[in-house]
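Both of the next two complexes hold chain A, though its partner changes from chain B to chain C.
Our next item is the complex of A and B:
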């Protein structure tokens, strides 16, 4: 499995990078750490004309302290560095946990935060070689019009398997998207769409440059369940946040990942515990209300029914973790 | 009681002699071979599980600059691959599984070969496939092979002793059904073949394998060559786990391409292709019955198995036979009955996993034994101990167990695992289980002989070179062979250089399978070293004025027994033997062939206790601790034996709890290391290693196998521990994946409420 023909460009300034993206648009693909994009190119899932590396852009690798106590992280920062960053571990333990939950040490040594946030959706029916895919009719991912996961679906149901966005969503992080034409700020909670093909609002000429996390004094927690410890995508992952102490809370937010095309922000369960507190009964009521919000579970890499049950288990556990933190 | 140890090399912790070379990346594997002018070969595989080939048009591919040859079934008329020659190298007009070889290309480079592959046009007429064994057995199911009605490849019943009578007269009969899933051996080194067949009478193949000899036997006739005209070079083999037992289509194809292009050709499996090339476990359904008396005597076992052999079953039935037979290696049965129906489906041809079918059948048997013990109010270890065979036992199919430490192994694991403090006393979802097992050290039967031979050459500086054909696929056998040589000659193991893995250089060796290495090749090596020693002894005896048979070779010295102070230096004796009137250069020859007509002389035995914890919410099973006691006859290298234990405990845990090739309509959904879930080091349990040395009369220095006896036993122990953790509930399907465990947890909760 060789890389498709392409041009690999290491850009030396943000300006140059944005100009190249503006020129090449759909034909370009940004390479952060390359841990996902390069492999998908080998599978011929991605066939960009230009692979645009941002590894040499120093301004995208910094972690800046903001005067309000928040942090502004460059999209090119390596996960390995973020996992050990004192301010991150100190202020945003759930985020630090989600960074350490990604893949393995080797991969975190290469992978960037921007790459994790912009990670493409994955599917058991497409994330294999071109030769392998010949045994299937084309699906949305391969210029077809069907989804193998749920045949009647009118959109691609591949899953968002990334870990760090869950923690960033509950922290209220904001993404800075820059293009040659300007810059915009998008809350990460609004970044993802429910279309597995085109799963973010990022435009082809845009680059994610920074992630800004506001100061947060609430309690937070992140949990991931995977078939193996290390080197594995989640079966289900959750992140949650609440104010108050012990069982007393007034505002709880919960987000579930790796079960759908986008991270799912749970409204009803959050409302229940926000109103009733984190007592066992309220937590059970919250867990019981999850089902309606998960939507069609995409049966990928592990059984849908198992994923559903695990979403319940993890939400319960994350709420208990909040209570006890 | 430990055996008297008068040995100086054997029993010492000897690091692998090729360890530094391996760790520093200098070991050469087949994929490292790069010959002048070598072409890249690629295989076009069928995307359909069942189809008729209407037309193949290779003209566009042939026209692509850089393409040197394109071949199809038309270029391999009558050429049959597979272990029993049942599998045409290319699909001719009928495709019977996804991944089937349709055509192949040799091109100047990989990029051109990949492009050319896309240019071959094949027109198929799709036919309805049967993809699941259950469907294949239904009336009216499409046939995989027209001459195999009902998709039954073979149906055999073997009956040993008096099983019917035993079941009729037994107090109790326990019966349960179990099944297994499709797996992959997933070795570190993927399938690869490099062939140089540019001279008409010489075919050289570099490839990882468990047996150079069987490959010579298959390739020679296919290409009109004699055995010696086929040279197999298996420098290092990156793992095998029963998955490299023979020739596969890609070996033939590389040879065809090399002959046609008159250039060396390399073919390697890329990524997910590996899962189509490999031959591992298919679906098996077992119905196991055990007859027991109330006093705890196990009287008979009856196994009725359906085994999915895929599109070309080869020897699946034979391994099913072993899976049933092995019960009479641990229990003194009155009767043992085994029926194996091998079924064909439109899937990859299946073969066997690490531990063969014995691992999963033992997982079934040990769950059943735990159940029986509970039903009889007995402690499972007591129950197994009551039924364990002893040395001198005669098995039902003619086996004679000359050495056997099974009961001692059980006693050790009971003590070392803290069994008495734990069994029946652990909290919910925390379980402890015991398993026993046995494994044949070599199983004569493939040929009339089961011969290994060896040569020992001693340079005038006293450095010894050992020539052996046994492949080292990670098990460390080359170091073992060096230690045996060193023991006989009284030198250090690192003074022995091993030349191996090249059939042109080394004498015959049937191969590294059926756990024959240590016993068969070990004896051959010992004989060769003894032959060399005899030549030196003549010279030394004359100098010492002693009898030859009184001489001791030890610590680099030669002396008469009881008189170590009057000694000769080994290297000087070697030097003197050459630099003499006779001018003798010391070379020893030896071979070994099991004295039996078929089967084996020596079995290893073991007992293990596993402790597991189940998370009742997620169904995840954590293996906490495995206590291993194994009767290996004699520990040649404790380091290697412990390594074998660690690796096999890992493999058993992996197969039992994790490994499964998932598929949808015949498409494998997880054909990668990422998605084919094998555990990692994080999941490894704590392991304690204990050895019992029964000093077998046949093995070299009393040694027996340690190749698969462990993995089979661990499978039983972990399954029994899971059964215990679930409060005595069976898990009927391997792998015992979290969602399957969770179903059992729910069932348990429901029955507790009811």
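Our next item is the complex of A and C:
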């Protein structure tokens, strides 16, 4: 019943935390709310030597209202608090929606925004108990050399199943990554890679400390479809943003998640509705155009044909939601 | 495994405990303090039967959090609801409405229900659904549970009036 052996360390200052991460190299793992770290330790998918808790770092739990109308959110802020934060609901309703879409109330009472953004990829084959996995050869995630999803793949095809990054991408959020050596700012749109084993540009010695969202007056929407509405990872989720009013738009962005290793920014449907507006016909044409950009649907917690159809449905709904907002 | 000293307040009682790095809060509640009301189900955050309330009266899952994370904190488990030999209103409501069958999920469901009424004394349908979504009952379902949660407020009011008289 006990977790695998490891050392647990609470850090009391950011500096101490960064020093510890620098010293322990790849052997340490940051614990925000721990809801995913402990889950993966139970499955023996994560076996860190050191678990570094950031829960006592008050500076990572604040939500700061910027003078330009934006917000700067500490990576250690709890999802439950963000879901009810007045400024977040007021300024970024689609982001607030994406926060409420994560897991259950119980989990949001523990989980952090940083943990959701840095959530590891998930796989229908590998995210099972060790006993279950014994029926298969090892894959990239379990020290093997293959991916069960597509055996000929040279990389792990596990999917990014997190909800909040989609809303943060369309809002143009920027992540602050700090290490003992310094700090860098990375737009969240450039944070994810297409390698299921190492799906972000975060280095092992770095900590995500803040998420800055610029002021946004455009219309936005977030929608998620999951097997169970109350608590489940997404089958498909989508976030979208546009300017203008009614059917009139000139700039549209759409991001689809839970389909592949990184969130997919859709270009063709955005181009179509940017040119033709948000009328029914243009929306249908936009939906028809997403197939190529989604690419092959690989890592399936549900049937590929269903998932593809639901991606179409959600893209249509999200564009209608923009039109009506 | 190295052990560390920690302080945890459970149901108002302060415990000084030796806890190892790889114990979860659930392990400490059940195996160290030996309060067996809180149940061990999936141990991966999916079923909710290990639910306890934190110091703010919110529902949290004790199976997916390091015990040492809770050093200096205060929690309430199912054993902490009764006071002076009398059950809490929410517990009475569960009995009255038959919101219990095999009982395995009951501590987790009651602590989730308690968290709902702590925050919303007269919860809406949506607030109840959101508060109960993370805890599963394979016998009773959530219908009778919600009847009990709705009743909690009335029982509490009745008790308040009785005390005022």
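The criterion applied here is as follows: the second predicted complex is superposed on the first by the 322 of 325 C-alpha atoms of A that agree within 3 Å, B and C clash if a C-alpha of one lies under 4 Å from a C-alpha of the other, contacts with A are read in each partner's own complex, and residues count from 1 in each chain.
Basically, a contact is a pair of C-beta atoms (placed from the backbone, for glycine too) under 8 Å apart; a residue touches a chain by one contact, two chains touch by 3 or more.
Because the structure is a prediction, the values reported are computed rather than measured.
In the superposition on chain A, A:7 makes contact with chain C only, not with chain B.
In the superposition on chain A, contact is made by A:55 with chain C only, not with chain B. Contact with chain B, but none with chain C, is seen for A:132 once the two complexes are overlaid on the shared chain.
Of the two partner chains, chain B and chain C are each touched by A:230. Once chain A of one complex is fitted onto chain A of the other, the partner contacts of A:124 are limited to chain B, with no touch recorded for chain C.
Shared-chain residue A:309: touches chain B; no touch with chain C. Where the contact sets of chain A with chain B and with chain C meet, they give residues 1-2, 42, 228-231.
Residue ranges of chain C in contact with chain A, taken from their complex: 1-2, 20-24, 27, 31, 40, 43-46, 48, 51, 54, 58-61, 63-66, 68-69, 71, 112, 115, 129-135.
Looking at the complex, you find that chain A touches chain B at residues 1-2, 42, 124-125, 127-129, 131-132, 134-136, 148, 225, 227-233, 301-303, 305-306, 309-310, 313. Those residues of chain B that touch chain A in the complex are listed here as 45, 47-48, 98, 110-111, 114, 117, 270-273, 617-619, 658, 662, 664, 666-667, 669-672, 674-675, 677-680, 682-683, 738-739, 742.
Contact residues on chain A toward chain C in their complex (touch as defined above): 1-8, 10, 31, 33-35, 38-39, 42-43, 51, 53, 55, 80, 103-107, 109-110, 228-231.
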